[in-house]
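Note that chain A is present in both complexes that follow, paired respectively with chain B and with chain C.
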Partner chain A sequence: MTQAFWTFIALVSHWRRHPVNFGALFVGLAIATALWSGVQALNEHARASYDRAASIFGAGGARSIVPTRGGSVSQDLFVKLRLAGWKVSPVLEGTVRIHGKRFRLIGIEPVTLPREAGVAVVAGEGALGAFLKPPGRMIVTPETLRELSAAESVAIVIDGGKTLPPIEALAAALPGALVVDIGVAQAVLNRPEQISRLIFKEPPSAVAPPLATVAGDALRLVPPREEESDIRRLTESFHLNLTAFGLLACLVGFFIVHAAFGLAFEQRLAMVRTMRAVGVSARTLIVAMLGELALLALVAGSAGVGAGYLLAAALLPDMAASLDGLYGARVAGQLALDPMWWISGLGIAVIGSLVAAGGGLFKAFYLPVLMAAQPFAWRQVQQKFLWRRSVLGALGIAAFLVAHFYGKGLYAAFGMIAGLLLGAALLLPLLLDGVLRLGEKYASQPLAQWFWADCRQQLPGLSLALMALLLALSTNVGVGAMVEGFRKTFTQWLDERLVAEVYFEVAGNAETQQIEAWLEKRPEVSAILPMSKIKIRLGGWPVDIVGMKPHETYRNHFPMLSETGDAWGELQRGEGALVSEQLARRLDLALGSTLDVPAADGQWRVRIAGIFPDYGNPKGQLRIDIDRLMRLWPETPRMGYSLRTAPKAVPELIDALQTEFGQQISQISDQAAIKNLSMRIFERTFAVTAALNLLTLLVAGIALLANFLTLGNVRLAQLAPVWAVGVSRMRLAQLEFLRVLLLAAVTSAFALPLGLALAWQLVAVVNVQAFGWRLPFHVFPAQLGQTVALALLTAAAAAIWPIIRFVRITPAALAKVFANER
Partner chain B sequence: MAGETRASLLRVAGLKKSFTTPQGRLAILKGVDLELDVGSSLALMGESGSGKSTLLHLIAGLDDADEGEIFLDDVAVTRLPDFGRAALRRETLAVVFQQFNLIPSLTIRANVAFQARLAGRLDPVWREELVGRLGLENLMERYPEQLSGGQQQRVAIARALAPRPRLLLADEPTGNLDEATADDFIKLTTEVVAATGCAFLMITHSKRLAARLERQVTLSSGVIKEL
Partner chain C sequence: MSVRHILFILVAVLAPLIRTASFADGFAGLGDEAKGFAVVTAGTPIIFPRDFGAHPGFRTEWWYLTANLEDSSGASYGIQWTLFRQASAPGKERKGWANQNVWMGHAAVTSGTEHLFAETFARGGVGQAGVTAEPFAAWIDDWRFATRDDAPGAGLARMTVSANGADFRYTLDLAAEGSIVLHGKDGFSLKSDDGRASYYFSQPFFKVDGVLVIRGREVKVSGLGWMDREWSSQPLTATEKGWDWFSLHFSNGEKLMVFRLRDETTRGFSAGTWIGADGTPQALDRDDSVLKPLSEMTLAGRILPGRWRLQVRSHGLDIETTMVNPDSWMATRFSYWEGPIGFRGTHQGKGYLEMTGY
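Right after this comes the complex of A and B.
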């Protein structure tokens, strides 16, 4: 124990004398942990929110009965079921807008509601009385209260003019939801006597007839966890993408740890030899090194986990907005994490450090004592690993090819990317060595010959940092090209899809005829395009069936990926349907395929007449003629309208509509506002990715800086002989700078094709697997140029300080190198 | 010392060691026999490449012999595992190298105490005495790089003797020192070694310095010859 302790003290004393190297190692480890735990914090937090949302009706074994065809049904069915012995409680769900923001409104009946249901937040007789007695109560979480910009006991007026009951904030309430009495909800949502769900806990009495006997096919029993798995399944791809980027950034961070610890080991070779010579056994040395590593991992890991929390808190609003915008999944705005998250963050730091430094420890254990006495024995050994590394690289590429040809699913797609990136990174030293050999071969001047040879000599020490740079740059190119390509495609798609000048939603079904009649009389309105929507399940997936009018506007502009010769004619005749790309992929539908759709009066068989892109929509969509939809599902209300009019008539038309119909119109916007909103959701969706991308590059820059600093003293011994034979310090500094730029430029030259391959993987494989849509592949030359510039800038920024240190060194200090020569 | 009988401390018998070179196996030690008594001193001389350092490394348990035996205090060094050899270096013998091999990140005070602490037998009184005898009092809070070569070698001796080893091995300890500093160093070392009663085996190229020790042997053609 004494031996291990004093060996540990001697090892640790190295860092006191090399604080910058320690800083690089500490920061590398902390950043790796922060990026990983930050991303995990976001995922965990979001999943916890989904679970909470899903358990709102299903907790404690409570079950739900919902309308088979979505929407709502008459509350008479509730009465019938109660009378038949089903102890059900009615719920009405809907959406209200407050200051333009969407909120989920849930109306409950607290007396019959099973106490186990998560939505049963009204407890105690006093609370129950206040909830039921006018003006009632609206239960929200404290976070939702902040989102509403309101105070407790305040009665909020929703967009459209109706007033909600006074607010009461409860921590146990559902994030993003407003819980009110069902009567209030029916009035506010303008759905009198309607219910959207029935909840029950106790099984129906033995004499109670089956559900179908009481309600026909109007209601269905929701299988346990169906709703939870829906949101989980829809958002899984989003979280997997996030995890993949977090993992990549974390990997780059551990490259720093690997490089820094390896270099520190090299620096401490003499010390290791001395310790071995004075009686420290290999076992004690390894124990002390492990202790040092574990302590470092715990301290830096704690800092990393803390930084990860801050990172997650900073990125949470963007992620929450993306999840809300894309999937309608509400995520609580305040990070609340399980203690296991903190422990697992530290675990990652410790395990990652052991793996990153483990190879070095293993080699240290088997390195003969006398071998350790030779300077750079580590590097000599490392040279032998060059080929082994290349073989591993080739295996990585082989894994990529196997996954490419035989893999299926999103995990295979990510496996493919991992194989490609790691394989290429491991092959980088060999490729760089080849390029530098060529340079050396064609150099004729002695200084140039030395320069190329010196670059090659530096390769083993710098290879890990350059590999990290390669990974960061290729990710930058790949993700950048994917996001830019997506932006370009998305913008074009929005332009084609949103051709109408005015869009509005209606609050209820009753007034739509009046509204249509009023619009028909308006001379400035050239086309009224109504839209209805019904939710069903196809092949286990939630699907929206949208009814639309096959008007010229759509015939000329609606973007399609493929269509039959008479797609719109088929649609109009009720024979054909248009299917979204993601639904076509999920259900394996092609043009001309037939699809059986469960309708109100049995199965409806329809032919696929067209496949259209539907970017950003996690749900599948089937578009059919609106009249056909009304015949198949007669109860379906009109959801909204698109209006064609002259652009200059838009403001006046919107004003007139609002004046005439007031709260009957729940949401009205012009084309520009909708495009703006869509682009905003798009930008926020990729904000997290962009932040991780930038951080990964920053980590690579730190890896380079750490390497340059750690190699600083070694470099002095290598440069001093060249200086001694008459090359000035300034010239040597220039050559040092050139060397760094050269290595960064060659690395970025490899990063560009690798990044483009990654971009192709992302758009053609990952997006298809994750979201169900395939994007066109674009190459952006300006972006590639920008990446090369970024690489050079990163390398130059990392190299500048060590070079300035070298320029400032006194001749006496340089001469000292020879004084210490052995 | 003549006529005085001292027990044997180190016994090397039939020691052989060869290395692989591009030209094939090269035998360095071809059957070395050597004995060293408790408290005695011996200078090992020989041409460069004759195998002096190899012999010292084998005695210190830093390398493995091909054949032969090394007994230190009747312990067969050649048969010990790494852990046992490390214990031997820690507790029974000490090595001083030409390159001093101090731990650069520790102060002189910590360096001097290092091996004794490892052995679990740091005696502060003895350490202070050593520091005083070797003239290191004013250097204790400095780092190795701030010391001259002669000063660093004195620190190395202090570190080696702090745990009171039975045998001190020195591999050309004066190789990096000028003549006057080397003389000084040998004088101090022999005095301190004599005070501890430990045996002293020193590799040197200098006949003048070798003459300051009790016995002189040379390693030539892989075997030991008395001078």
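Right after this comes the complex of A and C.
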């Protein structure tokens, strides 16, 4: 025990003499843990929020019954079901706008609500009474209260003039939702005696008739977990993307650990040899090294987990905004984490560092006691590792190819990316070696020959940092190309899709005729394009059926991926439908194929006349003629309008509409505002990706710096002879700098094609698997140039300090190298 | 039936509505809270069929049926069917979800070895629960107590009742073999020395036939049923802790309803009605009857009376009761004991016992 302790102390003393190496190891480990646990924190937090949101309807095994054709149904069905022995509780969900912001309003009936579902909302002495007794209560989370910019007990007036009940904030309430009594919800949403969902926990009584006997085909029992799975399924790909990024960043961090520990091992070879020689057993040595590693992993891991928390907290607003914008999924604004999260973060640090340092430990165990610790010997061993690594790299590439040709689904797509990146990274030293060998071959002058040979000699020590750089750069290229490509496609698509100048929604069905009549009399309005929408399910997937007028505006502008010769004619005749790319892929629909849609009176068969891109929409969409929609689903409200008018008439028209109809219209906005909003959601979605991307590059930079610094001392032994034969320190420093730039340039040259391959994987494979739509593949030369410049800059920045140190070194110190040679 | 349910209905679902924090101080405010509700006054005539129906002007009321039944082997069963209405605010009944009534239903089946029960709740104004006077129907969900379809206009004379829970259900026919009985003074039933009261009448002469299904096992049963109707707005004093209530069918066709309200500070309040075989009621003076627990039992963590001694001096009654199933605890959201009993002594027969506030 004492021996192990003193061995441990002797080992640890190394770090005191090499603080920079220690710093690199510590920072690498901390960053790897931080990136991984930060991303996991975001994922966990979002999932916990979904579960809470789903819990009002699905907690404790509660089930839902919903209108078969979406929307809402008469509450008579609720009463009928109760009288038939179904223990259901009615719910009405809808959206209200407060100061222009949308909020989900949920009307519940607390007396029949299954206890498990309701307790969180209406619990405690007096709560039920206060909730039911006019004016009632509106239950929100403290975060929603802040979002509302209101105080407790205040009764908010929504856009449109109706007043909500006084607010009560409860931590256990639903994130992002305003919960009120169902009677209040019906009044506020202008849907008297309507319900949108029935929930129940107890099974219907033994004598109760089946659902269809009571409600015909108006209602549908939601299969268990469909509710939860909807939001989970829709957001799963988003979280998988985040996880992949976290993993990649974490991997780069562990490269640092591997490199730093490997170098530390190399530097300590003499010490280890001495200790073995004076009788320290290999076992004791390993125990001491393991203890050292575990302690380091715990300390650095703790710092990393803390940093991960801060990272997650910093990225949370962007993530919450994009989840809300893309999926309508509300995520609480306050990070609350399970203790398991902290423990698993530390676990990753310990396991990761063990794996990263495993090679060193293994070598220490089998080290012959009197092995000469010479760089040349080390290089020979490394040469063997180089080949071993290359074989692994080839296997990675092979795995990529296998996944490419045989894999299916998102995980296969990520597996493909992992195989490609790791394979390429592991092959990098071999490729670099090849390039340097070529250089060596064609070099004629002695100094140039030395330069190339020395580069090759340096390669094993630098290869890990260069691999990290390669990964960071190619990710940068790949993700950059994807984001830029998306921005380009999305902007163009928005321009085509949003051709009308004014958009608004109407509060109720009764007002639509009045508004249409008014609009028809306005000379500046050249076209009135109504739109109505119902929600259904096709193949278990949520789908919106949108009714539109096949107007010239759409015929000329509506973006399509493919269409039949007379797509708009088919649409107008009610024979054809346009299907979104996502839905077409999901249901395997092609032009001309037919689709059966459950309508109010049986199945409706429609032909696919066109497929259109619907970027960013997690749901499927089917577009049909609006008159056909009204015939098929007569109770559908006409909810939205697009207006064509001269751009300069827009502000005046909006003002006039608002003055004339006030609260009857909502969400009125012009084209520019909608484009702005869409672009903002887009930017925030990629803000998280961009931040992780940048961090990965930063980590690679740190890895390089750490390597150069730790190699500095070893370099002296190699540079001193060259200096001794007459090459000046300045010249040597220039060559050192050139060497760094050369290696970085070659690495980035490999990173570019790799990055483009990654970009292609992302847009053509991952995106299709994750979101159901494919992006056109674009190459942005300027961006590529930027990346190369960034690589050189990173390498130069990392190399400059060690080189300055070298320039300033005294000749005496260089001369000493010969005296001190091991 | 008596005041028995007022207490628990108030503390129960609706306690939050009136913000009663505890038994001790909560009920003191009832008098004030009742402001705006109709007041129970002596001399108000009870009119049928109007008074079979609901009385929205009053704060609380109930429709209550219990029955002592036997199967072909002579084994004893009991059933309970109850519908309570409670208003949170006085005034005209509001339409839809704004309606101020909350309804609560309790149902139970008791045998010598089992006591199965269920409860359900409903808001007024939408049709999930309610009562109509003519033709009479009281319902909540698929539980129903109503005049039979094949006897329209029969009022309470020909009835059917059904209810179900997770492990039981029943459907019974009821035929009244005697007249409706008004308690107290022509239906004005005093509940305290300071004049709190309710309107209260019963139909204790039901002959009952039907089928119980207990855990899937069908049992054909027949026996005697007792229906209570009671409504009020401010029936209890602050210090009344609970009550013990009996309804008894004697083998000679006579009936007895007797209750005592337990008061912490006073000797309490008791009253009852002796009902002749021809339906003639005789209100019992408060000193005429003695209700005395003879043994105690522990149930659901509480101590309750087991056997009782009942005396009514004016009719020479002196009996000792036994429970068909001592485990007849209604572990509903607001719990109490309710179950069939037998008795022996000067009189023979069977009946129902309710004990609350233990």
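Here is the rule we go by: the second predicted complex is superposed on the first by the 808 of 822 C-alpha atoms of A that agree within 3 Å, B and C clash if a C-alpha of one lies under 4 Å from a C-alpha of the other, contacts with A are read in each partner's own complex, and residues count from 1 in each chain.
Keep in mind that, in the parts below, a residue touches a chain if its C-beta (ideal position, glycine included) is under 8 Å from a C-beta of that chain, and two chains touch if they have at least 3 such contacts.
Worth saying up front: this structure is predicted, and the values here are computed from it rather than measured.
By the touch criterion stated above, A:Val79 is placed in contact with chain C alone, chain B being left untouched. Applying the stated contact rule after C-alpha superposition, one finds that A:Ala782 touches neither chain B nor chain C. By the touch criterion defined above, A:Ile182 reaches chain C but does not reach chain B.
Contact with chain B, but none with chain C, is seen for A:Arg16 once the two complexes are overlaid on the shared chain. In the overlay built on the shared chain, the residue A:Gln3 is in contact with chain B alone; chain C does not reach it. Of the two partner chains placed around the shared chain by superposition, neither chain B nor chain C is touched by A:Ala171.
After overlaying the two complexes on the shared chain, residue contacts for A:Ala282 are found with chain B alone; chain C is out of touch. Across the complex, chain A meets chain B through its residues 2-3, 6-7, 9-10, 13-18, 270-271, 273-284, 368-370, 822. Of all the residues in chain C, the ones that touch chain A in their complex are 13-19, 21, 88-89, 96-98, 102, 120-123, 126-128, 139, 141-142, 164, 166, 169, 213. Of all the residues in chain B, the ones that touch chain A in their complex are 57, 60, 62-63, 82-83, 85-91, 94-95, 97, 99, 101-106, 110, 114-115, 117-120, 143, 159-160, 176. Interface residues of chain A, counted against chain C in their complex, comprise 75-76, 78-79, 82-85, 87, 109, 111-112, 125-130, 132-134, 181-184, 186, 192-193, 202, 205-208.
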